[in-house]
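Below is one structure, written out as structure tokens, with a few remarks after it.
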Amino acid sequence: MSAGNTAIPAGPRPDRTSAARWGLYAFLAISALFFLTPLYVMIVTSLKSMDEIRAGYILQFPAEFTVAAWTKAWNSACTGLNCNGIKVGFFNSVRILVPSVIVSIAVGSLTGYALSLWRVRGADVIFGALMVVAFIPYQVFIYPLVRIFSMAGINQTLFGIVVIHTIFGLPTMTLLFRNYFASLPPDLFKAARVDGAGFFQIFWSIMLPMAVPMIVVAMILQVTGIWNDFILGLVFAGRENLPMTVQLNNIVNSTQGERAYNVDMAATMLTALVPLAVYFGSGRWFVRGIAAGAVKG
Amino acid sequence: MIARSIRVVVPAALALAAGMGSAGAQQRAEVIHWWTSGGESAAVRVFAEQFTKAGGQWVDTAIAGGANARTAAINRTVGGDPPTAMQFNTGKQFDDLVEANLLADVDALARQQNWKAILPEAISAAVTRNGKYFAVPVNIHGQNWIWYNKAVLEKVGASEPKNWDEAIAILEKIKAAGLIPLAFSGQKNWERDLFNTVMLDKAGPAVWNGIYAQRSEAAARSADFRAAVDTFAKLRSYVDAGSPGRNWNDATALVIQGKAGMQVMGDWAKGEFAAAGKTAGKDFGCTLFGSKGGGYVMGGDVFAFPKQKDAAKSGAQLTLAKVMLEPDTQILFAQKKGSIPVRTDLDVSSLDICAQRASKMIQDKSQQVASVQMLAPPAMNGAIEDLVSQFWNGNAMSHDQFVDKMVAILKGSY
Amino acid sequence: MFARFGRFRSRTAAWVALLPALAIILVAHAGSTGWTIWMSFTSSRMLPNSNFVGLRQYVTLFNNDRWLVSIHNLAIFGTLMVVGALAVGLLLAIAIDQRVRAENVLRSVFLYPFSMSFVVTGLAWQWMLNPTHGIQKLVRGWGFADFQFDWIVRQDTVIFTLVIAGVWHAAGLVMAIMLAGLRGIDDEIWKAARVDGIPTWRTYASIVIPMLGASFATAGILLSASVVRLYDLAVAMTNGGPGLASEVPAKFVMDHLFERGNLGLATAAATSMLITVVSIAAPLFYARARARAQETRR
Amino acid sequence: MNAQPGVSLRDIKIMFGTVKVLEGLDLEVAPSEFLVLLGPSGCGKSTLLNAVAGLVEVRAGQIWIGGKNVTWEEPKDRGIAMVFQSYALYPRMTVRQNMSFGLKVAGTPAAEIERRVGEAAELLRIGPLLDRRPSELSGGQRQRVAIGRALVRKVGVYLFDEPLSNLDAQLRAELRVEIKRLHQQLGATMIYVTHDQIEALTLADRIAVMHSGVIQQLDTPARIYREPKNRFVASFVGSPAMNFIDGAISTQASAPVFEGGGLRIPLAGYVFAADVPAGPATLGIRPEHVTVGPAPSAFEAAVEIVEPMGADSLVWCRTPGGTAFSLRLSGEGGIRPGDRMPVSFPSAAVSLFAKADGARL
């Protein structure tokens, strides 16, 4: 958010205060309203008491502010026997997130690099297979993967969940990096070959430093995806490593128990803080990174 | 795990709260269940505390949503790292695990405690496979309760209805008074429960068992079943526009606030009334319809025990099963959960009047009705759920078509 | 490595680097897919078995009302949501590209929904759209007593509410992709258009938007993938209802896989989805790969 | 590395997918030679250069450098260095890092790298730029750095892939001289790809003119210019371009005569490659070879356009038959459109091509 008010670059199209300009701002304002309303509903609900929520005025401003729901969600909401709120899973989520993001981006970028710049035989087939996978509901993979993982002895481990996120991140990550590397001037790659750099040297010294904007995009996508994941963490991470979303689900999704919507909403907002921070903090990088490659090829 | 087991023994209660820590000598049981809300947590705490008293150590793995919890538990069992105990709904959900030889039986304990005598017959059957007990039932939830706001009924000059015909007359009056007659949560499972509630009253246990247990075409084509369909269709005009997709507890809130007259829901709805400070018999009433005999649809929960490599864990499983069925545990648990004890031989005077009424009912064998989860596999129940939902929402399907489609499901490979 | 076969040695390194990806594709992706297809020919229920039943699951599947309705719903949802998200995203990108104030804030506002999971934003949407306490109630409270906005509870309109929430979720991403494409367009194009006296909207419509082909392709692929996998949104907002009016194929697969313990039927449904995707995607990919090959020769 | 290596391409075949780019191509580059591959875009010259570098695989044939078969060697093992049209500087590295990257990869000691980079920087006068990033350099500076990066490799063969095409005219001329100077100083073998015939003529020891994947003519610049082997070479080399007049050769008279464009040009001074062929032919003559002034074979040309070019002027005229041609006049000459003047095509300076296949007669 630091860049919220930076100066607008002087461009070729000067500011015209005209009807069109007003229309433009009106359009943007209405759109912003549309996009923010659900967030508003969630925040407002989290600040109300349950009685007020039951009264049913969803869009109304709270008559009486209370942050009780937030403290309860973080500290003391019960999920089963544990009444420590969702903070319990926070560090588990971090422990899953960091290696998963790093490994999945590493494998994805390396694969994209090998498929784009090195004309390996069958590159199109490999890439096509990955793209098809991107369309399969990943839930159907869960059962066979459980069997494969338990045969490999990595079921219910931190390592296992990192591998899982790498598996499911591979199509998108490969797509991003392949398109990016393919859009670079081919002479650069040739020059490095003539300079005698090998496969990994070119990757590490030339390509990866150039791909920083793309890495940022990949990071944003993976951080959100992995942080928000629930079912994979639940099935593969193991009891000791259950991510924060499992606690969130425990709070918001009980079938027969009573529901405290204010706590639900607060818990959701708390869980979403990490991806939200990533988005608000790096929105500019995101567009720049996409501009750097995802829209080419 | 190994590092964990050499940890120093910590005071059990503390270990309990933290959900970790262990000791070799202690019986350690990891239990996967889906009781995560406030009331449910309080109930499961009863089990944990009783187990601790018995010298065990409860390791809690709570995962909200039955399907989520079962997915995790089954995948862990298949993957070779089973929990000590896992929750199922009383019924057929663990059939495949028994067939795959992944569950340990508790037959010895059952004989010793004479489960056959103390459990209702349907419940006993629901946990028995191939003549052996494979799970311990822990509670009974009535699925076909009718809850009503006493003040609303008084206002329209009505008293507690005895069957659906009376109820519909009252609903009509409430409608005339400008209130929502039937508080409804339009999600598939509640739509099915509403239909079942109507069907039990209109068609009786014979058709009920005919449909769900025997898959009988004759039952589906019977006049009684047809009457149930007709009555069910009538109820469409007593729900409000906001009902589709609504959560059940929001529907209960309408009854609590006096915005709606009545609701059909399982006995877990009591938790919502209690949370709002309402008392059964004073602020709200509860009743059951069973014009043709059977009146109480018994659902509930069981715990099953995956086979263990470690003998110590098998010991913990036995202790757990024993503790869960002990009279004290049963009563305490039912109080918190809103259910009734699974044993028929207990003093239930400490429970609320609705629970007392239910407990009295299941003393009479003819009033016991097995829930559809006990009678039919999940796939068939699911298909019926889809059908009922399709029928309930919109008038596109004729009553004849509904019957035909029901027959097709019964004959199908679900 | 074998000069005779015309391969450079350095290409071995490329294959080494591809090993993790190949292992994932062969073991995880292909293995699981193969298993899924095999399961669809068995009578598996909650746990897999090898009891071959031929096409029985497919017969059941294509006689199942809910599956047929799901496909129909997905077609409507997919078309509207892809078109809607592309249109809204493009409009937002164009609007933001006019050197507006607070660009960074606006961009984040449009992008944030993508960072949140539907598990609870779905609930917020459900509330807002619910006629008895959402927008309809609000507007009626302002004095418009006849205002109607009850799409979410009506079978014939509920799918549009999923589209609205879907567009809300994805339009920001489309905007980012489109904005990137717009920023990549040569300034001289704009100069030329201005010199020629072409109005701004016309320049966009006739010159700039046709140049955003790659942006449309990227956004289109991402959106289509999320359409086919649509699950969370339907569960959180409507749970498939009212009736079957917002059921979708991925939810059919999920429900039968877990809740209903019907592995055979679930995998038959998943296999049908897979075949559909492949039969649509394969010709496209082939055409693209060929076009690319033509391009690279010089 | 005293004796410079030669480069030998034998029966090269290159395909892209199913598309044939080159086939059966042979080319010998002598040690220390400066060979230019000249041709329009798409003729396969860059592909050929990439094949020499090892950046494109050959489907058949052999590549020898310095007496060694390098057909399947890695680029780095071929003893070559290369300069690219787009400079191909590594954007995240400084100039110094760019120049030393290849040596570092090869494990050259730091002191040696330092020395070579310094040398090259001095040679190319880019010393002050060493710590800048490529994005901070002008186009000319970037290309100097790219050349510097090739120089530090100290190899026997340098490959240039249209290195000056992205530069403006003045810088191009400046760097052209620079490259020529480098060739003289280093004495290395150089292969240079361009579509600019001025570069080719000024730099090359020999030029290989390529068209559609085939070498049309391989010769010294002078001979290429004067005795183009076919109509394509004639038209592609030379600026302003050669004039062409369609007609026929008649052998009925005592000496052969070209008739076309309303002209009769006796070919007494023309050296035919073989027997004098009668029949349809094209006559080519370069503008500077057209003579102005009374002569036996002179004809009257009508002036249409005058293009002053500083030192001389290009005058566009028409033959009596109406065929347009240009001629070069030194000075301004005071010629105006509409003037008429006697002009002749000296037969010793013309080229004749067969109408059918464009081959030189």
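We just call them A, B, C and D in the order they show up, numbering each chain from 1.
Following the convention adopted for this analysis, a residue touches a chain if its C-beta (ideal position, glycine included) is under 8 Å from a C-beta of that chain, and two chains touch if they have at least 3 such contacts.
The model shown is predicted, which means the values in this text are computed figures rather than measured ones.
Looking at contact counts per chain pair, the maximum sits at A-C.
Summarising the inter-chain layout, the chain whose CA centre lies farthest from the centre of subunit D is B. As a whole-number value, the distance joining the C-alpha centres of subunit B and subunit D reads 88 Å. Here the CA centre of subunit A is 37 Å from the CA centre of subunit B. Averaged Cα coordinates give subunit C a centre that lies 53 Å from the centre of subunit D.
Residues of subunit C in contact with at least two other chains: 10, 130, 132-133. Contact with two or more other chains is made by residues 142-143, 193, 198, 249, 252-253 of subunit A. Along subunit B, residues 66, 71, 78 each make contact with two or more other chains. Remark: subunit D residues 50, 53-55, 74-77, 80-82, 84-92, 101-102, 105-106, 146, 149, 153, 161 touch subunit A in the complex. Chain contact summary for the complex, subunit C toward subunit A: residues 10-11, 13-18, 20-22, 24-25, 27-33, 35-36, 48, 88, 91-92, 95-96, 98-117, 119-121, 123-125, 127-128, 130, 132-135, 137-138, 168, 172, 176-177, 179-181, 183-184, 187, 190-191, 212, 214-215, 218, 221, 224-225, 228-229, 231, 249-250, 253-254, 257, 263, 266-267, 270, 273-274, 277-278, 281-282, 285, 289.
Across the complex, subunit B meets subunit C through its residues 66-67, 70-71, 74, 78, 93, 95-97, 99-100, 186-188, 240-246, 377-379, 381-383, 386-387, 389-394, 405, 408, 412-414. Only residues 16-17, 19, 30, 33-41, 44-45, 48, 58, 60-66, 68, 71-72, 75-76, 78-81, 247, 249, 253, 257, 266, 268, 271-272, 275 of subunit B touch subunit A when the two sit together in their complex. Those residues of subunit A lying in contact with subunit D across their complex are 185, 187-188, 190-198, 201, 205-206, 209-210.
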